[in-house]
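In the part that follows, the structures are each spelled out as structure tokens.
Two complexes, one shared chain (chain A), two partners (chain B, chain C).
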Partner chain A sequence: MSDALLQIRNLRIEATSYPPGEAPRDVVLVDDVSVSVEKGKVLGLIGESGAGKSTIGLSSMAYGRGGVRLTGGTITLNGRDIRLADARALRALRGREVTYVAQSAAAAFNPAIKLMDQVIETCLAHDVMGRAEAEARAVMLFARLGLPEPERFGQRYPHQVSGGQLQRAMTAMALCPKPDLVIFDEPTTALDVTTQIEVLAAIKEAIRDTGVAALYITHDLAVVAQVADDILVLRHGKRIEYGATEQIITAPKEAYTKALVSVRSIEHVEKPDAPAVLEIQSVTARYKGTNFDVLKAITLDLPAGQTLAVVGESGSGKSTLARVITGLLPPAQGRIRFAGRDLAPDLAARTRDDLREVQMIYQMADTAMNPRQTVGTIIGRPLEFYFGLKGEAKRKRIQDLLEQIEMGKGFIDRYPAELSGGQKQRVCIARALAAKPKLIICDEVTSALDPLVADGILKLLLALQAAEGVAYLFITHDLATVRAIADRIAVMYRGEVRRYGTKTDVLTPPFDDYTELLLSSVPEMKMGWLEGVLDSRKMEAAGN
Partner chain B sequence: MHPVLTLVVQRVALGLLLLLAVSAVIFLGVAALPGDTAQAILGQSATPQALANLRAEMGLDQPPLTRYFQWLGGVLTGDLGTSISNGTDIASAIGQRLGNTLFLAAWAAVISVPLAILLGLVAARYNGRWPDKLISGATLSAISLPEFVVGYLVLYFLAVKWQLFPSVAMVFPGMGMMDRLNAVILPVIVLVLVVLAHMMRMTRAAILNVMQSAYIETAELKGLSPMQVIWRHAFPNAIAPVVNVVMLNLAYLVVGVVVVEVVFVYPGMGQYLVDHVAKRDLPVVQAVGLIFAAVYIGLNILADVISILANPRLRHPK
Partner chain C sequence: MRIPISALIGMVFTGAFFLAAIFAPLVAPYGMAEIVGGVWDPASSAHWFGTDAIGRDLLSRMIYGGQTTIFVASAATILSFTLGSVLGFSAAVAGGWVDQGLSRMVDLMMAIPSLILALVILSVLPVTLTVLIVVMGLLDATRVFRLARAVAVDITVMDYVEAARLRGEGWAWIIFREILPNALSPLVAELGLRFIFAVLFISTLSFLGLGVQPPLADWGGIVKENASGLVYGIPAALIPAFAIAALAISVNLVADWVLSRTTSLKGGRG
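Coming up: the complex of A and B.
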């Protein structure tokens, strides 16, 4: 361990929190974490949000986001302690010895500067090499990362390339100045699953070819298992388990790690066929002022009390379908039948019962609630509006709903800011449930949540379905979620339904090309999965 | 056609349309005033017959719409009419005045715009620390004082007490460049102090707003110095809001400097307008109003065009 590139010992990181209406107080974000990275090795940092992964990652550049302070321990990089180094010394090492790849490359690139100038900026600022040499190296990295037209790619602006390409460009930017260590902070989390696998493979190859060491931060154990040599499991800023990847995946010691490994353990057997509550009949839709059909002759049925999962990548038309069903976007053609009657195309023409019986839950529970209303007011609103409940009767019903979402009566007077991400989503579920709907449209409701929390939400949704007989139209890009909850599945691609049927039918071969690609791109929690998939794809391509 | 060109052409066309509308409003406003040019020339005691003769001679008996188009046609061919108070050609009188005003405004702009942006960048760099407080405090004090107070303070110290510069900004045709500059230095100082604070504070606010972006963190993690981060990464994304405020202030330098011109007895457009309003010289008021409107609209179009050109999404579409 003596030749460790980065050695963190007993690291303590604090920040000042300003809770509304209370005195500011110091909170400990990272407590007594020790870890080391040797030259050319990849360390995976894994944990749910708030575990301190990014905070530890940035501490290896002695950088504290916002008011974050590195208050204890040592951070030894290339043999010297950088925790208390001055600004000049830090500037000399940032971008030279350690570089950073952010989660959202789309936000991390400056929109006003050409990609090439941003990619080589670090090389020039630190006098690593001259402009011509840096540009040549950038083009070489673009090519190695599989970017289109590597010679000309750098002449574009960030908005002119796709999200997956930007993420690769960011990796090129991090590798360009030949650093000793690269911090990858959730580099594939914001990408579609079919893009994620390509970017992941490109990053892994680039790490191997350049021999650089890396910290790979993610909440997805299956992803980190593909790239890391060692894994550090974190929770609430503390180290839970630290070991070789093989050991963490196959023989975890701690209970929390075991839960992470076995997450998505829900076994859901599809229900027998039943009469449809929702029939979507050859619906075509387009947005105002465009001449492009976002939905092309979609026909789907959702049996009463069951779950139809709509899967696809971004831009496939999933959310537009939800807008059409709720009446926010009247379809250009086709009709929607609901509970045996036609639904008016436009929201304004629907009856109060139409509105009551179709409810929605959103991806961002945060923005779907008024931050200045209490949980009681939020859940009570549909009770007043649809059922005219008041006073004690309303309060009693709110408390029943809170019991149903497993939160307890005590939450009735709390504000959204006081709740965790999972609790916020539960309140949104209670609000939808309060209207006694026949159909709830769930738009990526677990995408923003940590795996274990998401698991809890899915279990709750299944329990509520069994108790209330409500049907779900479940929009997601995550196939593991689909397996856990769906009775029927529709695979969407570019506004069309590529595959539709019961869960068993859709997930059983033979597959169409797109479904095959989608299914094989979902990371599996075993080492070597990535190479296996890529090899079999290459062989197939060669065979054709 | 490139989409940016389309946008720019649209903006310019819209500006011309707006200018046409403003010309109609100016014409109607002046026409709606009690009394007309003939009355103003002949005075209250004129006989109806004399008035009618003069109106026929000047074309004032024509319907307003005809007179509007005659006036507009004149404006487009460079004929702004004749002043009734002294019978001179308005266009040539204004030409010289406008030149003086633009000279003063240009020097004030050349000094104040880069200075305001530089001070804004420095204030943003040291946000909340003493350089920021000093810059903000000084520029806010300057803007809080009325212009004539600033003017008289500058006069008292620089012209009277220390006798560094002339107290009266006299310029005349044929004057040499250095003499001219020496003459206008005091009004330029006052104008710079008046417009500095607004532009500086907008620059500071726009930069601080951009500094919240994720790409600023990227730049910091590249090991760039704070000033490099602000200048190369923040400023290009703050141009649009800054340009809008800069143009408003430039317009003010042309159309709003009456008080400063009076304090320094400077023969510019403001004084010219005030003199002729007092004399009820309606053709002059119309002409000056139209020129002021054209300056205002022109500078705002320029601000729009620069904002469009500064946006890479518009400049380089997918």
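Coming up: the complex of A and C.
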């Protein structure tokens, strides 16, 4: 281990938090973490949000984000301790020996500068090579990362390429100055599942070809299993488990790791057919001022008390479908029948019962709740608005609802800022439930949550469905979630329904091309999955 | 909770100015228009600030003048805030033609320098306190409208506002319960600033002779009445000028503190 490229020993990272109205206090973000990365190896850092994975990643170039201090331990890179190195030494090191690939490529690139100039910037700044050589290397990397027209790709501006391409361009930027270590900070999290697999394969290949060592940070164990040699599982800034990928995936020792490995193990048997509560009949919709149909003749129905999962990539029209059903975007053609009656196309023309019986839960619970209202007000308002409940009766009902979402009565006077991510989403569920709806539209409700928390939310939704008989229109891009919750599935692609039917029918071959691509792109929690999928795709391409 | 020293100083001075204004008849040693001495008597134990151009006690004039100035400025600020923020929020919530109509009208008003516009309007209308307050309030409302609309546009795209719309809530709930509480901190900070501009504005108008009319005292008017004394080295005109500056600074110190406190609720600066 002594010839390790990066060796972190007993690292301790602190920051000062400023709670409103209280004295500032120091919090420990990372406590006593030790890892080492050898040349050409990939270490996966995994954990939920707040686990300290990005903080550790950045510490490997002795950087602490806004006010974060590296207060203890040693960070040895290429044989020297860099934790307390001065600014000049760090400047020479960052972008030369260690480079960084951020989660949001769109936010990391300067929109006003051509890609090539940004990709080779560090090479020139550190005098690693001349402009001509750097450009040649960038073109080589573009080609290796599978970018189109590698010779001319660098002449484009960031907005002229897709999100997946931009992410690969950033990988090229990180690899260009021939660094010893690259930090990948959730590089595929913001991408669609079908794009993710391409980027993942490109990154893996580039790592192997250039022989660079890497830290791969993610919250998705199935993803990290494809690229990492070793995995460090983190929680609340502490090490939970550290070992070879094989061992973590197949024989986890700690309870938390076991939970991570077996997440999404909900068994949901689809319910028998029932009369439809929602019928969408050849609905076509477009946004004002455009001449492009976002939804093209969609026909779907949702049986009462069941779950229809709408699956698709970003831009497939799933969220627009929700807007059409809620009346925010009146359809251009087609009609929507709900509980045996026609729903008015426009929100303003709907009756109060129409509004009450269709409720919505959002992806970002943070922005779905007014930060200046207490949980009691948030849940209480629909009670007051639809049922005229007041005073003690209202308070009693709010407390019942809090019980139902498995939160205590004590939360009634809290503000959203005082809740965790999962609790916030639960309060949003309670707000929807307070209206006694027949249909709840769930728009990506679990995608912003950590896997274990998301699991809890899905279980709660299923339990509430069993108890209240409410139907869900569940919009998601995550097929694992679909398996866990759906009775029926609609696969959407570019505004059309590609495949629709009961869960068993949709998930049983023969598939159409798109469903096949989508299903095979979902990372599975086993090593070698990525190669397997890529090989079978190549064979198919050759066979055709 | 600890109040920073600067805010404390600001609060003490602001409080002193407002108390003096409210209890002017009790605090002032002489009557407002009472002639009690010679022309421009120097400061003495009987007249702390001396007397003015026609022999009235300057301290008493200052206290009564503060009452008028602060009352007119406060009333105009309250009017501009109520009008500006309600219209600004409505424009943001309604969008479309309502927003376009209101915003372009405000642009039109802001295209004309407000002092010139005010002078034109006041030269036509009878100059009473009510007219002054309404004119100043309306002109200032354009600036509050801009701010309120900009803040509200950011808030109306939030999911919780959409959730309220889907629930079927009316405008009043959306504006006063969903948007207003979240727009308050920038508006409060602006409130201090706009109040100061109102003080400066009314003082300017009075100095130009189209504001508060004699014999009623106000700070701008006192500067005007005693301005010619400066030529003879008599500092009477500087006292109201100093009062205006002191009030402006102390109100701003308080506004700064309010702003930093409210933003820290959202995890901003501490």
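For this structure, a couple of remarks:
In this section, the second predicted complex is superposed on the first by the 544 of 544 C-alpha atoms of A that agree within 3 Å, B and C clash if a C-alpha of one lies under 4 Å from a C-alpha of the other, contacts with A are read in each partner's own complex, and residues count from 1 in each chain.
Please note the rule applied: contacts are C-beta pairs under 8 Å (C-beta built on N, C-alpha and C of every residue); 3 or more make two chains touch, one makes a residue touch a chain.
Quick caveat: nothing in here was measured; it's all calculated off a predicted structure.
With the C-alpha superposition on chain A as described, chain C and chain B fit side by side in the combined arrangement.
Of the two partner chains, neither chain B nor chain C is touched by A:Gly79. In the superposition on chain A, A:Tyr18 makes contact with chain C only, while chain B stays out of contact range.
By the touch criterion stated above, A:Leu93 is placed in contact with chain B alone, chain C being left untouched. Once the two complexes are laid over each other on the shared chain, residue contacts for A:Gly391 go to neither chain B nor chain C. In the superposition on chain A, no contact is made by A:Pro510 with either chain B or chain C. Judged by the touch definition given at the top, the superposed model places A:Gly289 against neither chain B nor chain C. Contacts of A:Gly66 after superposition on the shared chain: neither chain B nor chain C is touched.
When the two complexes are overlaid on their common chain A, residue A:Ile113 makes contact with chain B while staying clear of chain C. Shortest separation of chain B and chain C in the overlay equals 11 Å (C-alpha atoms, whole Å).
If you check the complex, the residues on chain A that touch chain B are 58, 61, 63, 65, 90-96, 99-100, 102, 104, 107-113, 121-122, 125-126, 156-157, 159-160.
Against chain A, in their complex, chain B makes its touches with residues 213-215, 217-225, 228, 232-233, 236-237, 310, 312-313, 316, 318. The residues of chain A lying in touch with chain C in their complex are 18, 20-21, 24, 326-328, 347, 350, 352, 355, 358-360, 362, 364, 367-373, 381-382, 385, 417, 431, 435. Note for the complex: chain C touches chain A at residues 1, 158-160, 162-163, 165-169, 177-178, 181-182, 264-267, 270.
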